[in-house]
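Which chain is which? They are A, B, C and D, in the order written, and residues in each are numbered from 1.
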Amino acid sequence: MPVPILKQGDTLIATIVAALTDRELVEFRDQLAERIGAVRARGVVIDVTALDVLDSFATRTLRTIAQIAKLRGASAVIVGIQPTIALAMVQLGLTLDDVHTALDLETGLELLRRPR
Amino acid sequence: MPVPILKQGDTLIATIVAALTDRELVEFRDQLAERIGAVRARGVVIDVTALDVLDSFATRTLRTIAQIAKLRGASAVIVGIQPTIALAMVQLGLTLDDVHTALDLETGLELLRRPR
Amino acid sequence: MSGIRVVVIERELDIVTARQAGRELAAENGFSPTDQTLIATAISEVARNIVVYAQQGEIVVSRVDERGRIGIQVIARDRGPGIENLELALRDGYSTKQSLGLGLPGARRLMDDFGIESELGHGTVVTMKKWVR
Amino acid sequence: MSGIRVVVIERELDIVTARQAGRELAAENGFSPTDQTLIATAISEVARNIVVYAQQGEIVVSRVDERGRIGIQVIARDRGPGIENLELALRDGYSTKQSLGLGLPGARRLMDDFGIESELGHGTVVTMKKWVR
C-alpha cells in the first residue's frame, strides 16, 4: 500500500497507514525525495503511528529518509512512535539519535515552524 | 572545465556545470577561497545540480569548501543535490551534517538572506 | 485458541505475515501489548534474515507450557547457507551485508530464551521463547 | 547493447569515464535511475582507489545473467601494492591516506554483492554486482 504524502504550506506530511513491506518502505523513501523537490518542501513530517513494528530495517530506512531530506534542504521529523514500539527499538539497540522526533503530528509541525 | 563563479550583491554563485575531475574540484576550492576575499562575499551558493555523482572525495571537498568559506567570513550553502545522489551519499555514509543545504539556487539564496 | 502457526517465508510480505501471526498468538495467550510488540519485532528480524540470507524458510510460532509456565516459542528455520561464525553473528553491529547487524543480538534481547544452530551449507535454526508475566 | 566495457584507469579523468560507462551499461540493462547512480558512485570509489593507491589499473563492467537473474558486474583490478589488512580496509573510517575511509565499505553498501582479493606487492581485485529489481 503506497504511503500518502500530503502538502501543507511548505511542509510534506506522510502518514504510514499500515504495516509496510521493505520494498514499500524503500519506494516511499524514493517518492519522498522526489516530492521534496516537486513542491519545494522545507519540512517533512513522517507519521508512523500506524506501524505495527519498527525493526532494524525500518529504522535504518527512516534514518536514511531523514538524511536524504536534509541533503535536499528539508528538515524531517518522525512522529507517532508508540510506547511499546519505542521500548522494542531501545532493546534492539536502535536510537535515532541524529533524527528529529516528536510525539505526534501536531508537535511535529510545531517543531518545524520554529526558526531553523 | 573550470567552474564559473558569479557575483550577485555580496553573494557568490558557483555553478558546477559538468562532472568534474578531482583536480578541477580542488582548483575550484582554491579559486573560491580567493574570490571570497576579492569581492568581500558574505555568502556562497554552490550549485551541484549537474554533478553525476557525489562520491566520498567530492563530498569531502565540498565540506572543506564550506569550512574555508566560514573561516573567510562567508556562509556557504550547497544546493541542487538530486534525489538519487542524496541516496547514494547516505548509503556511502556521507551526510554533510555540518553544512547548509537547500533544494535549489532560489531557496539557497533565500537562506543566505536571512539574518545570520 | 490453536497453539501453533506456520508461516512460509519466501517474500518480504511474509515477514509482515509472520510477525502478525506471532502478535496474535501472543495476544491470545495473555501477553501484554508491550510483550506482543517485543515478540513481533523479534520475529520480524529473524524472518528478514531468512529472506535476505536464505531466500526461503519458515517461521513456526507456538504456545508452550513448561511445568505450568505459559509462553510462546518462535522457531525460524531455513536451509540457506548457514552462518560461519555464530559468536560473531550474535555481536552487535556485525553484519556481512553492511546493514546494522542488530537483528540477532537484538532479537535475543527482546526475548527471554534464545538459541541458534547453524551448519554451513545446510541452514540455520533460531529458537526463541518468551514467558507470560 | 554490448555486454562489456573496459576502461583503463591511469588518470583522474578515467574515474569519470569509468563511472559513466557503468551508468550507461546499467541504463541499457534496465536499472532504475536510482540504481544507475548507486552503481556509478560505487565505481567512482574503486576507480579512485586505483588512481590513488595503484596509479594504474582497469575497470571492467559487464552484464551478467545468473540463472535468469540479470545484473551488472564491476571488476576493478590493479597491480599496485595490495592491501595489508582487508578486514581493516573494509571498516568505515579506516584510511591509510587520512581520507574518509568510506570508499570500500561504502561501495559494498551500494552494491548487492561485494568481494575483494588482494596480495601484497601484487595488486588488488574488487568484484561487485548489483541485480536489476
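Please note the rule applied: a residue touches a chain if its C-beta (ideal position, glycine included) is under 8 Å from a C-beta of that chain, and two chains touch if they have at least 3 such contacts.
Only a predicted model underlies this, so the values are computations on that prediction, with no experimental measurement involved.
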Check every other chain and keep only those touching both chain B and chain C; list them. A, D
If you tally C-beta contacts across A-C and across C-D, the winner is A-C
On Cα atoms, by how many degrees is chain A rotated relative to chain B, nearest 5? 75
Please name the chain that ends up farthest from chain C once chain centres are defined by their CA atoms averaged. B
Approximately how many whole Å separate the CA-defined centres of chain A and chain B? 27
Report, in whole Å, the distance between the mean C-alpha point of chain C and the mean C-alpha point of chain D. 35
From the mean C-alpha coordinate of chain A to that of chain D, what's the distance rounded to whole Å? 32
For chain A, jot down the residues that touch at least 2 other chains. 30
Residues in chain D with touches to at least two other chains are numbered 34, 105, 109
May I ask you to sort the chain touch graph into line, ring, star, complete or other? ring
Identify every two-chain combination in which the chains touch. A-B, A-C, B-D, C-D
Seen from chain A, its contact residues with chain B in the complex are 29-30, 33-34, 36-37, 40, 42, 64, 67-68, 70-74, 98
Using the touch rule from the top, collect the residues of chain D that touch chain C in their complex. 105, 108-109
Residue numbers on chain B that touch chain D, as the complex places them: 19-23, 52-57, 59-60, 82-85, 87-88, 91-94
Which part of chain B faces chain A closely enough to touch in the complex? 79, 81, 83-84, 86-87, 89-91, 95-97, 101-104, 107-108
Chain B contact footprint on chain D (complex, rising order): 12-13, 15-16, 19-20, 23, 33-34, 36-38, 40-41, 44-45, 48, 92, 99-100, 102-103, 105-107, 109-110
